[in-house]
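This is the structure I want to talk about, given as structure tokens.
Per-chain numbering from 1; labels A, B, C and D assigned in written order.
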Amino acid sequence: MNEKTEIIAEPDVKMVTFTIDGKEVTAPDRTFLIKVAREHNIEIPTLCYNEHLEPYGVCRMCIVEVTRNGRRRIVTACNYPVTEGIVVETRNERIINNRKLLLEMMMARHSEVEVIRNLAKEYGVDTIRFKEQPSEECILCGLCVRVCNDLVGAHALCFAQRGPERYVTTPYDVESDTCIGCGACYHVCPTNHIKMEQMDGLSVVYGDVSLGPDKPIHIDFMQAVPATPWIDQKSCIHFQTDGCGICSEVCPTDAIHYDMKDEIVEVEAGNIIVTSGFKGFDPSPMYQFGYGRLPQVMTSIEFEKLSNAGGSTGGKLLTPDGRTPEAVAIVHCIGSRDKNYNEYCSRICCMQSLKFSHLIREKTGAEVYQCYIDMRCFGKGYEEFYSRVLSEDVHFIRGKVSEVTDFSPDGLPEGKVLIKVEDTLLGIVREIPVDMVILSVGIEPQVGAQDLKQKLRISVSPDSFFLERHPKLAPVATATEGVFIAGCAQGPKDIPDTVAQANAAAAAVLQAIAQGEVMLEPITAEVMEEQCTGCETCLSVCPYEAITKDEEKGIAVINDALCKGCGTCVAACPSGAIKQWGFDREQIIAEIDAVLADIAV
Amino acid sequence: MLQVEMNKKKVDAELDEMLAGYERDRTEVIMVLQDIQDKYNWLPQEALTYVAKNWQIPMTDMYHIVTFYKAFSLKPRGKHILQLCLGTACHVREAPFILDALERDHGIKNRETTDDGLFTLETVNCVGACAQGPILIIDGQMRGNMTQTKVGGIIRKLRKAHKEEVAENE
Amino acid sequence: MAELEVVEEKETGTAPTTGRFEPKIVAFLCTWCSYTGADLAGTARMEYPPNFIPIRVMCSGRVDPEFIFKAFRDGADGVAVCGCHPGDCHYISGNFKTMSRMPIVKRYLEQMGLEPERFRLEWISAAEGEKFQQVATEMTEQVRKLGPLNWNETVETQ
Amino acid sequence: MNKFASAEELTRYQGELKRKTNGALKTISLCGGTGCKACGCNEIHTKLVEELNLREIRADIKVTGCQGFCEMAPLIVIRPDDTLYIQVKPRDIPEIVEKSIAGNEIVDRLVYHDSDGKPIPKESDVPFYKAQLRLVSKKTPYIDPMEIDDYIALGGYSALAKVLTSMSPEEVISEVKKSGLRGRGGGGFPTGRKWESCRKAEGERKFVICNADEGDPGAFMDCALLEGNPHQVLEGMLIGAYAIGSSEGFIYVRHEYPRAVQTFSNALFQAGEYGLLGKNILGTDFSFEVAINRGGGAFVCGESTALMASLEGRVGEPRAKYIHTVEHGLFNLPSNLNNVETWATVPAIIDMGVEEFTKIGNEKNKGTKMFSLVGKIKNTGLIEVPLGATLRQVVFDIGGGIAKEKAFKAIQTGGPSGGLLPEGMLDLPVDFDKLWEAGSMMGSGGMIVMDEDNCVVNISRYFLNFLKDESCGKCLPCREGIRYMMEILEKIEKGEGTMEDLETLEEIAHTVADTSICGLGKSAPNPVLSSLTYFKDEYIAHIKDKKCPGGICKALINYYILEDKCNGCGVCAKVCTMNAITGKKDQVHRIDLDLCEKCGACLESCPTEAIVRR
């Protein structure tokens, strides 16, 4: 009975009081002793216990002595249901001696297994009096078999034989065809006898292929906003075999519902702010830098993750082979200000590189070589920061790096690569061995910006960032009424500018909302009843379905709230029965006459 | 492991007819396996998958059951089944000497089948005829007061009979 | 700074400076794309001939074939209709209608004896200031080569 | 035969049967127990039928279950004058038929002779039977197990009728509690209390289970009961089910007892025919069904929770008993499990009444207990003695002392969970508590007698080796501890043991007993511990003197030919596969100790017992 025990008693549960090592405790009746002990952090060692599985009680590590109505006996805490008035002793001499001998038995068979060696050391077990055998990693605790059969429901692992020949295997010792590779057995194995390797993206468990990342429920990275975990359905057990369900059990706010689905949400919105952000330029096409080929070469975004406290190295700056770098090169304008890729300047790389140089100098004291074309420190306090970095004796080389290579005729120290850069100020080509090369990659429109353009009917500027209505007077508005753009969607910019634009866009939206009503399009079309023959040609022309047929009068009617004033229906009407305010037939004809009239301009 | 491929369809058909009487209830699984073992003299994998499917028992439980209980054998057993009683009474009357003799003189090891597929030796614990210990059961027929020499005689007789039989139908 | 040239005014419709035949080309530009493109060419200080005179309409779909014939009849030597690239139209499908109407007008004009170069349908987006300049210059030169249309003599009489 | 609609119909039918059976005809009861079957009781039966037809003599032949005197198998008893003929051969049949059946004489040479040669023809006078008190196995010699009428004729099922018609379930329970009946499976838990707690447990659906696994090697009492008198066991289960309020029963029979399965399923069929099983038994609203479940061959399934796991179609792995099976047993429902003999005793209690029953046995151990007396004993067989009888009475009065005039060394009771008791303990009364205090255990009832030619270390290693193979391997102490203990004993057997080994042995024994999950592990150390307490000197002999007093441990003994006894017949030389024995015809032979494999074949086959091992 996998008891759902919260120590804070529900109303109808009978509470019992008893003593553990002389300390009085209360707990719901028939709770397993181990749970109560751990609640009061009384240390009882366990090997085959997992709170989400039925207790199995086979490793006998959790033995304690219990006196109940006058009878003293040794029981296992993991599956002993507590009752009123029992006296529990977790560490008396008899228990310690028994546990020592049990550990000695285990050491004879599992001498190399770490968790056993630690326990043995803790209990002072050093002489092994039994015939020692070659160390086996599996201690037959059965956690993997039980999690696979009872919890996951994949029925892939089982015990075989009995007595000392008992071992864990798959039926007929062949690769299981029911294993879903969820990795549950890999996680619960106390001696990590079950290995899980990554084989081209899939984790191979116990020789069987798994389907996804090792932990189905995870947070991508610590700085994610919002930092909420998500479930990868492909490798989550519940979605494979309808088993498990531990996460919903332990979630205190009961926030996990397996039946939630991705839905298309239709929102009636009067205004849209497009903040699709940017994508870092992928430097792989630039073979000369060896990105993707040389492990030392990384993009500025990857370096950002490396130096981040939440990153894989916890903020420590390490080369891929785990060494602290002695020399680092930072290369500017990768994919920006470059005829073959993007002509525009991405604005942020210079200041970002300065930040990196400062960080590297401070954290590792390595030599930093910054290869730039122009230092564009345009913002408030930016130039001052540049001079400060200069004072931290960072080497600034004015020139484009021509090549990064790991080959050099007179040999290269282990783990270093060579950068070749033409120093235009000294007029020489320099070759500098470094441990790490950071490519300051430029900014490109976000993936998928193209089809967003189609959907929202907004246009893009030549550098394929979204086009603002007016570069100076309306930088966050677009030609389409009610659609706004902010941040890198409109063009490369750093955080201060992005924030400013965000506020601007928000203000514009609020202003429209605050007005309470919407200004109608002045230039709309209107049907002249007396001329309309009801031929319905115009109905099919209007993309906004603004024209409907008035059945009694037998004439077409235009709804001026929907009409956007394009005039296509006016031109299409065979009987010229539709007027367009501001671009009526007479007005255009007058313009043509004016254009063709021979009067001096 | 001696892998003997049985024709799956044939096995399924035979089992359908033989096990029709059972109600496909989980408590019958051990008896069903014993009936199958009586029929084929061992438990082919096809039979296990058949039972697993029809009694809705995962293959993991099936494999543990057939390797746990001594009554079942996953390998084909010999033509003659020798069961030597090693109960305490027989042990006390020197049954182990017979066990050693079987292995030493006739190459029949405990819980194994001889290469020629003629003999399978299994040890059992007390079949209830302790007065006539040591007991050797040959194909279900009990022989009491066994000694090494008597056992030697029986084995040689069976081997000769088998040789003649083989000679006949060639 | 280029030296400011004083522009002399002339009676005839031809441009005052060159004495050559200066054609008159009426260009219907849709507000959201070609007109903005033209505007961009202007702000980018791109030079293009003044003969290419724009008339703004909300969408190229608004251009009624009647206006084209009226322009030719009233003395235009060439007419151009410019709109957004298909799929970019601010009014979703306005330029599709133009795409279906204008070929008919083109064939009609050819049957009336006009040279094909006198009428062009062009898609120019708001970002293609250069393209606008190139279309205007090229069409002006082509019509200049063809000489004046003189609708009455050439078309009316047939 | 239609079903009994009421208890009266049953009693009326009993009356008719009684009148029919005590007719003029003589009854020849032929023992058909497993042991006798192994000695050719079938041939004797066919010869007997032939002879009777030849002589056109009409007599009633009954092939009964095990009558107990296995040593003297095959047995024939001529009723009603109860003449017992022992070790009968087919060729003796004509003489028996002519003299004892046609006439009333006794064939003297086939009768039992006591130690000073006096013939004792009457069965009840033979010392083997006289010293016993047969209560549970009383009816077996008079019944053909395949015939329900025989059982009913002897008053069978009247206990059930009495219970169903005149007693309430609570009254039955209090009767059983008053009777002091304790579990015959070996634990000795008061049966009445067990029934009561099972009756009180929550839940409508309850199970009654009969544990016929009898895994103890050297014990075959349950087998004899099931094969000899299945109806008594069934009647006990019916009474228990009525008392507990269960309508579903199981009997878990051991894989090695196919004949028991046969006789019991036949009994179930016949009981069903007579309306004593199934719906509305004897017209009352009590109904009960029993299903037979054949075990898969695992000693551990004798333990209650493992048995239930096996019944559920799972692997026989025991579970912690913190939750009692009477509350959550089979399929997690209340289940009452008792041993075959316990169920068979219940009808006897109801029939004879509690006062009579409590007269038998001593203060805390009431009634009788069946034992299988085997090993180096003169009269090997199945016996039943009142609890409290001393070991000496069992071994010497009933057992007739040690075979081949050898010296008694030890008696092992309780099977692999029991212990070895020395000569000094022979006056110990045989009951649950005294045996437990002495470090042994009643167990299911196996009693193995050992003489000077047995080695205590070897026996302990035998039990540990048996338990190592039978351990389910689930919990660490039992799986590993027993193996390490056995390895130490093997070292001692090879003469490589040290005194520290004995201390380690004791330490492991206590840990295995303290921390194992089930009875198998908890009681596994008993044989070793008791042999260490009573036979420490033999261990020391193995360790220090490198000698095996019993002459069993191969590494420590050699085979010698005694000059004075050897007549030079050469049989040993022929038999020795290692041809380590040399010698000319009619001259004293010699064994070359280097070649000798110590296989013992020569000793076995020497006609003049001239070969010894020391």
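In this section, a residue touches a chain if its C-beta (ideal position, glycine included) is under 8 Å from a C-beta of that chain, and two chains touch if they have at least 3 such contacts.
Keep in mind that this is a model prediction, so the values were computed, not measured.
Undergrad: Per the contact rule at the top, check every chain pair and give me the one with the most C-beta pairs in contact.
TA: Comparing chain pairs, contacts are most numerous for B-D.
Undergrad: Could you please state the distance in Å, as a whole number, between where the Cα atoms of chain A are centred and where those of chain B are centred?
TA: From the centre of chain A to the centre of chain B is 60 Å.
Undergrad: Counting only Cα atoms for the centres, state how far chain C is from chain D in Å.
TA: The computed centroid separation for chain C versus chain D comes out at 118 Å.
Undergrad: When the centre of a chain is set as the mean of its C-alpha atoms, what distance in Å lies between chain B and chain D?
TA: Comparing mean C-alpha positions, chain D is 25 Å from chain B.
Undergrad: List the centre-to-centre spacing of chain B and chain C in whole Å, with centres computed as mean CA coordinates.
TA: 102
Undergrad: Can you pull out the residues of chain B that are in contact with at least two other chains?
TA: In chain B, the residues touching two or more other chains are 61, 64, 68.
Undergrad: Residues of chain C touching 2+ other chains?
TA: Chain C, residues with two or more chain partners: not present.
Undergrad: Please set out, as single numbers or ranges, the residues of chain A touching at least two other chains.
TA: 159, 161-162
Undergrad: Pull out all the chain pairs that touch, please.
TA: Pairs satisfying the touch definition: A-B, A-C, A-D, B-D.
Undergrad: Spell out the residues on chain B that touch chain A in their complex, using ranges where they run on.
TA: Residue positions touching the partner: 45, 58-64, 67-68.
Undergrad: Which residues of chain D touch chain A in the complex?
TA: 298, 300, 315, 319-320, 322-323, 468-477, 479-481, 483-484, 487, 500, 504, 507-508, 510-511, 514-515, 517
Undergrad: Can you tell me which positions in chain B touch chain D when the two form their complex?
TA: Interface residues on chain B, with respect to chain D: 25-31, 33-34, 55, 57, 61, 64-65, 68-72, 86-89, 91-94, 97, 100-101, 104-105, 124-133, 135, 142-144, 147-149.
Undergrad: Across the complex, what residues on chain D touch chain B?
TA: 33-35, 37-39, 70-71, 73, 215-220, 223-224, 255-257, 291, 293-299, 310-316, 372, 374-376, 380-381, 412, 415, 446, 448, 450, 454, 459, 462-463, 466, 472, 575, 577, 597, 599-601, 604-605
Undergrad: Residue numbers of chain C touching chain A in their complex, please.
TA: The contact residues of chain C facing chain A are 9-13, 24, 26, 32-33, 36, 53, 55, 57-59, 61-67, 70-71, 74-76, 87-94, 97, 101, 125-127.
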